[in-house]
Amino acid sequence: MSAPSAAPAAPDRGRGSPRRIAVYLAGRLLGAAASMAAVTVTAFFLFRVLPGDPVRTMTQGRAVTEAQLDELRRQYGLDKPLGEQFLDYCSGLLRLDLGVSYQYRAPVTELIAERLWPTVLLAGTGTLLAAVLGLWLGTRAAWRRGRVVDQVNTGLALTLWSVPTFWLGLLLIVVFAGTGGFPTGGMATPGVRGPAAALDVAHHMVLPVATMVAVVYAQYLMIMRSSLLTEMGSDYLVTARAKGLRDALVLRRHAVPNALLPTVTLVFLNLGQVVAGAILVETVFSWPGLGQLFYQGLRLPDLPLVQGLFVFFSAGVILMNLLADLVYPLLDPRVRV
Amino acid sequence: MSGTPARPSPRALARQRRRLALSGFWRRYRRHRAGLLGLAGLVLFVLLALAAPLLVAPGDLSVTRAPHDAYQPPAPAHPLGTDNFGRSLLDLVVWGSRVSLTVGFLATLVSVGLGTLVGITAGHYRGVAGAVLMRVTDWFLVLPTLVLAVALATVLSRSTLTIVIAIGITAWPTTARLVRAQTLAVEARPYIERSRALGGGHTHIMLRHVLPNVLPLVLAQTTLLVASSIIAESTLAFLGLGDPGTVSWGGTLQDARRAGAVSSGVWWYLLPPGAAIALVALSFTLCGRAVEGALDPRSREGR
Amino acid sequence: MNHLETRGLTVAYRAGGREVPAVRGVDLAIPPGGTLGLAGESGCGKSTVALAVLRLLPATARVGGSVLLAGEDVLTMAWGRLRAVRWAGASIVFQGAMHSLNAVRRVGDQIAEPVLLHESAETPASAARRAADLLERVGLPPRTAAAYPHELSGGQRQRVMIAMALACGPRLVIADEPTTALDVMVQAQILRLLKDLVARNGIAMMMISHDLSVLADACDRLAVMYAGRIVEEGPARQVFADARHPYAAALGAAFPVVGDPASRYAPRGLAGDPPDPAGSGTGCSFRPRCAVAEDRCAYVDPALWRAGPDRSAACVRVLPSEEVL
Amino acid sequence: AGTGGTGDTLTIAMSQPIDSFNPFTAQLASSTAVLRLVYPTLTVPAAEDNTPTGELAESWRTSDDGLTWTFTIREGLTWSDGEALDAEDAAWTFTTMMEDPGAATANGNFVANFESVRAPDPGTLVIELSKPQATMLALDVPIVPEHVWSEVGDIAAFDNDRDLPVVGAGPFTLAAYEPNQSVTLDADEDFWRGAPGFDHLVLRYFTDQDAMVEALRGGEVSFVHNLTPAQAESLEGEPGITVNAADGKRFTGFTVNPGARTRDGEEFGDGHPALRDRTVRQAVMLAIDKEALVERVYGGYATVAEGYIPARYEDYHWRPADGERLGHDPERAREMLDEAGYEEGADGVRVSPDGDPLRFRMAVHNDRPDYVQTGRSMEEWLAEVGIAVEGDYIDSGQIGDRLNAGEYDLIFTGWTVNPDPDYVLGIHTCDALPEEPGSMRGDAYFCDEEYDEYYAAQLAEYDPAARADIVADMQRLLYTEAVVNVLVYADMLEAYRSDQISDIRTQPARGGNLWAQDGYWSWWSARPREAETEGGGLSPAVAVGAVAAVVLVGGLVLLLVLRRRGTEDERE
Amino acid sequence: MTTRTGSAVDGPAATAPAVLAARGVSVRFAARGGGGVVRAVDDVDLRVGPGEIVALVGESGCGKSTLARTLLGLERPSGGSVLFKGEPLGYRARELKAYRRRVQLVPQDPGGSLDPRHSVYEAVAEGLRVHHGTLPDEAVRVERALSRAGLRPPERFFLRYPHELSGGQRQRVVIAGALVLEPEAVVADEPVASLDASVRGEILALLLRLRAELGLSALVVTHDLGLAWNIADRVAVMYLGRVVEAGPVEEVLTAPRHPYTRALLSVLPDASAATPTILTGEPPDPARVPPGCRFHPRCPVLASGAAAEAGVAHRCGAEDPGPLPEAPGHGAACHYAAVTAERPEAGNR
């Protein structure tokens, strides 16, 4: 009889048909849009129930007349009924108009745009460093599970993880700023221009980024460690070792790529939250970013600003979730569409 | 065939079983040295919080007749120094543990309770109900936690309860997600199908099979959540959203910062409450990880 | 010289502070071109033996005795030499192919990997060509190389594993339960394939299974393990049809011959529980489940004795009683 | 250019961001402080004693009825772009504020009584009032160049931060602006009063109080303000740093709800009835130990307050005579309450003759640590005389709500008092009562005919001494009624690097402040101190390089160590 | 040839009404990953008479488990109906519950079928508690069920947890859990597939003994023809959602008519087997059922030309032989078998 000649179903090479990709994408986008809509509604009604007359708060402690207050109310559309305000707000949102900040008297969108770059710089650098550090140390810790490297690593990470961010920031200021040669706050020294400016910004970034990394990297470390530990017992690693691969290669070529899958999505998911999490670091280090803006908005409270930032932060998380959804199939052939 | 005279009642059996399970759990837990350390820290702090009224005289926390001078560095009479009113920082830390731990536990209770309920329900009912629940969870998950907590704390009136609610409400989706995933895993196990084939209804399956099997996860999640809730409490206080009328660690930190302690060389105002938060959070985290480890079937002995 | 020879191989796992003896003195020998079947119930130490051959056991395992691959002792080999011997000298087809293949790398790359590693003359392109060849040899179209493991069926994955095992032209292939998870029909296909490849290339093979009938079909010789020991060894047909050790006999009888009236409405099994690897006690470890146990079984722990031409069994009943005492 | 306070640049820290450089709309104190350096005003309070002195206006006249003011504008002034600065600009500025509601956002109250503003010729500005206005020499309204601002379409939406340098006429010009980070001002060498001491003035924004102080220590900035008592104390002894504890412009206190009502006398809210009794209100004041507040809450950097107008304004400040003083005397408070029939109940809380226990709700701003601490102290003090007070530490928005609704018993308050006290006095007239419940101009539902008469009299009195007498009477009345109660005047704590700055002028000369002056005196007068040694401290670039090198080397060593251990470990 | 030993029930129970029957049952699923339907079970007739053991055999994925689950009402058929004692099965919660008191499932994987957090006692008592609440004699019943299932003495097992039991013991606990409700029929899905060869025989013997003692009817799902030979009275062979051959064990396994059954029998790793007929290709996909006879793409009879000789080759690719009707005798859904049925059994065995 003939040799067994299997005719395997044509191995689905990678991506799948454009139509299915389109359907997948459309599904994800729709989900993101739904979340966004929900966030919008929440943001509006959540902040409308804030106590206090915003106009009063705005002018607190200053000499104002009733007419001035009324004028302010009119300017901010606070004299209209709630339903109308909501419609205005929604239509504004579609035009990327998040209203006008009470304290800056500038469009919130503009304020956000102004502050976006510093936050992205800070949170981006922080996350990147934290991820690289966390993943690397996590790999080491898992590979040497139970040894000194692991214990020191995990212990340190967990300790830092348990420390309140702002407290750590303050401690760093006490120890390193001023006398330690690092600036205590801000993003740049006024007047420094040219190539020195980049260095200057880097100099200002050291402490805030260190704070951010210290608190965040533990998470990546733990995820990578446990993810790698689950992979550790896997049969395919035995196969790899049986093939005669050096342990370092087994780790690099086989274990890490597999363990990286859950971790990378997590990095993405976290990224969304990190931007919002920058509030503390930015506040402590006077970093002129979105977090600081939020903090300032809170103190008044500056309703359109806080609301706008809330929407913006949520949109960031939604976007990152979407990216994670889109990136995951690229990384893991098993879930390719 | 049923000739054995002294047959234990099912209730006694259940008790015995529970005792056995507990001792087994404890045996496995004991193997985690860090977990024991965490547990010790935890017990210490809980005892401290419970004993606070005995350790701190009511007058010691009075702002008008504080026992010491303001801003005194650590000395035998006040081992951790004093604050701007002349109250001993040690007293403040001891007393603050009450609020901080209460907030930590209550917020965790809220979020774990809510999360477990939603998670199991969403995982069990596959139809529209589950999908809707999951959508809601997803949507909550999308809201930036800190921002939402801050917003809630701003919106609601300022009190410890508000903080509990703000933290509880922002933390539950994570639990729900976890519980749902675990529920799905449990529901895929053949014993659920067996139970259905035996005639068990939804409630039976959820209560008898799913809940006990997700509980360990919930327990581990609980300990981890307490840690983050305590940190969250201090964060909210730091952002000025705490209840200034009560003594809590976060509140004390906030007071220290407001007083400019960092730049005034009054390090003892800043250090103790922060260290206390970090220690408690670390204790809970270590416990949580040890619980996780002890419940991990892979670490079980036997087959 | 035998391709594989183990002498007094012992393996103990450290688990929960105790030492669990998993393999307790196993002697095996496979001549060039020979095929040996290793049978036994779950947990009796079959896989442990297989892993010990390439020193792949986890760090918690303590290994004793010696394992000679073409005369070289694997257990005392230098690290670099060991890596060279792995796969090029002996390769393994693991039980669960889904888990033994890396899910995120293409099948072709995984086959080519050991080739590139062990043969410096190979370039990535030539290794890829070789991978395609190998796939054809196991009956898969060469384009399978571009697939990821999850895109293949269980049988196809197992074939990929076989192709991979053949990649460096090893002299010994160890197949650890290659068909356990597979459907009857696919199982037949894979067994046929393995038999053909071994016969055509003169490779020595050790095949592990708990199904004695499968092994009897595919191998020259059979070894039956029980609680970490070989309890019977001999030519496959003989051991299957006429086992001398009661355990081997029970194992053989567990698979009825369809059409044989004797087994109609008469399933045969073995009462009692599998042995606890940790608890040893004195005497024959099979005694608690043995239907024909005698008094002396309680204190004699029998070694493998000659039980006929070219076969041996570890049961006191194969010897005249006076020889024991 | 340079960093810190070296050489020709003076860097100062500000603790507030800039909301706008548009003087018509800018609200935040930081913005106002910058604008005072950039735009002129008609008059400016003198550095020595706050008396109005001429700025744009060289001199002024008032008509007999006090309703027509004629200012003579200084001659030969120009804007920084060279255009002439004259009465037209001032007239345009005021008129715009009167006509465009958007332009009245920030300073509209100054022009509320203006009938018309004219510039009959470039050197004369005539302002017609509808009723007398005592603040005519303290018009804190920056005058803007008409030729620039008449081009601006919508003034309310204009931020004035695009077209730099901004055209102004102060001692400095606005040269550069990094939103949320810094403002750079360049000195105007040709400023009519003389060139400022520093060529550049940089204001850096800090969100963190501690970071700011550390920056001062490290020499990154040369001036900080808004210090806490602890910070001031710790900076006090440091070499090269001078702490300036200026007398406060602000009073801190609380008002008592004497029964909220509208102008028409309609009562609303739920204020405690016992607080309508002056005895109870006075007893509350007697229970409070203001000295202790100064010590404990303000670390000594404050003055006990009695009169409504801070001590800093010597002319208007008032102090009770010994007989009328309501100092700390819990014993007397208890006696008074006993006499008035407020018997102590079983739980130690007194009960009014009507049967209401004296349990008061006290609304305190939670974002002001000194308020919170004062509030908590008051809880304890009042408990000692048998009054239970429950502090509600809430944010300002909610405070406003409670005030407007009249749903409070005690509520904290505090005002920054201008050199001219008119506004803070005006908020306690009966006119300040709300037209209808829910909207409130003042901070107490105080209404007293006698007070109103005094108020009208002082407004019409242009003789400073006579006016001061009337104001004193008003304060005595407020004090004895004990509805509006002041507790302390907190010092304004500032510090600067005296090793970088010399000759800086406070306003007023004695006990005066540097930041947020009514004028530009401090920054205009500051002169660089000749530095003995330049440099010191690493330049940022070098520091970064060094750190990077250390990290790199450390990382490499670590890597090598781990590598080495790693290969050893590979033997399973 | 037909030597029946140890059967408790006399005669193949063909005439008595079926305890459990499937009539034209189809189950369809939406294919995973969208698009198309999976015809897991396609128009199946099957009956289990009183006291009868029926084996359902077939290769992996042919729909055996799905059919078993459908018989228990765990899956709702998209066509046809399940009959219990001649009555169609109702799918309302109460009806299902009542039904499940009388028909029990012995699931495939004894390890996974026991809740790791329930002790043996609880696992066995679960059925009782679901249907009767906590009975006063619960412990007695549990004890009885356990000892029936061969776990003796039962008290020794009460407090054990599944992970403390061997595979064979777990399977017995599962069986005891089914027996405790004293069902009239059990459906056992691969009852020994995950067990060691040595334990297997014991469990099968237990099933036979229970049938003898309690008169249980049973449907045993398996892919193992040897098992069918060991214990079943009748056997049904499934291929791609269809029963393609059914009949008394002795007839079907010794004189198979359907080429698929023949192929299955030929690959048994039986030392005495002649040349095995190894079917080529992968297991078929129920999402893509071929037209005509669903076996024809892999049919060795068609490939060897025997079908053409018999003149049915054209029908194999075009004409569905249809479902096998529910009949007591030996039948096969095959064009070739239908043509050659009259002739003496050719070739194989």
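A few points about this structure:
Going by the order they are written in, the chains are A, B, C, D and E; count residues from 1 in each one.
FYI, a residue touches a chain if its C-beta (ideal position, glycine included) is under 8 Å from a C-beta of that chain, and two chains touch if they have at least 3 such contacts.
Please read all numbers here as calculations on a predicted model, not as lab measurements.
Counting steps between touching chains, the shortest path from chain C to chain E takes 1. By the count of C-beta pairs in contact, the leading chain pair is A-D. Look at where the CA atoms of chain A average out and do the same for chain E: the two points lie 54 Å apart. Per-chain CA centroids place chain B at a distance of 44 Å from chain D.
Mean C-alpha positions place chain A and chain C at a centre distance of 52 Å. Per-chain CA centroids place chain C at a distance of 87 Å from chain D. Along chain D, residues 210-212, 214, 217, 367, 395, 398, 570 each make contact with two or more other chains. Multi-chain contact residues of chain B (touching two or more other chains): 154, 157, 240, 257, 262-263. In chain C, the positions touching at least two other chains are 153, 155-156, 189, 192. Against chain A, in their complex, chain B makes its touches with residues 34, 135, 138-139, 142-148, 150-152, 154-155, 157, 227, 231, 234-235, 238-241, 250, 253, 257, 262-263, 267, 270, 274, 277-279, 281-282, 285-286, 289, 298. On the side of chain C, the complex with chain A involves touching residues 51, 54, 56, 83-88, 91-92, 94-96, 99-105, 113-114, 117-118, 139-141, 143-144, 146-148, 150-153, 155-156, 159, 164, 189, 192-193, 196. Residue ranges of chain C in contact with chain E, taken from their complex: 41-42, 153, 155-156, 183-189, 191-192, 210-214, 216-217, 237, 240-241, 247, 250-251, 253-261, 263-271, 273-274.
Those residues of chain D that touch chain A in the shared complex are 1-3, 9, 11, 17, 19-20, 25, 27-28, 101-102, 104-105, 108-109, 112, 156-157, 159, 176, 178-182, 184, 200, 202, 204-208, 210-212, 214-215, 217-218, 220, 367, 395-401, 404, 414-416, 423, 439, 441, 537-538, 540-541, 543-544, 547, 562, 565-566, 569-570. Those residues of chain A lying in contact with chain D across their complex are 50-54, 56-68, 71-72, 75, 103-106, 114-115, 140, 144, 149, 170, 173-174, 177-179, 181-192, 196, 199-200, 202-203, 206, 246-248, 282-286, 288, 292-293, 295-296, 299, 301.
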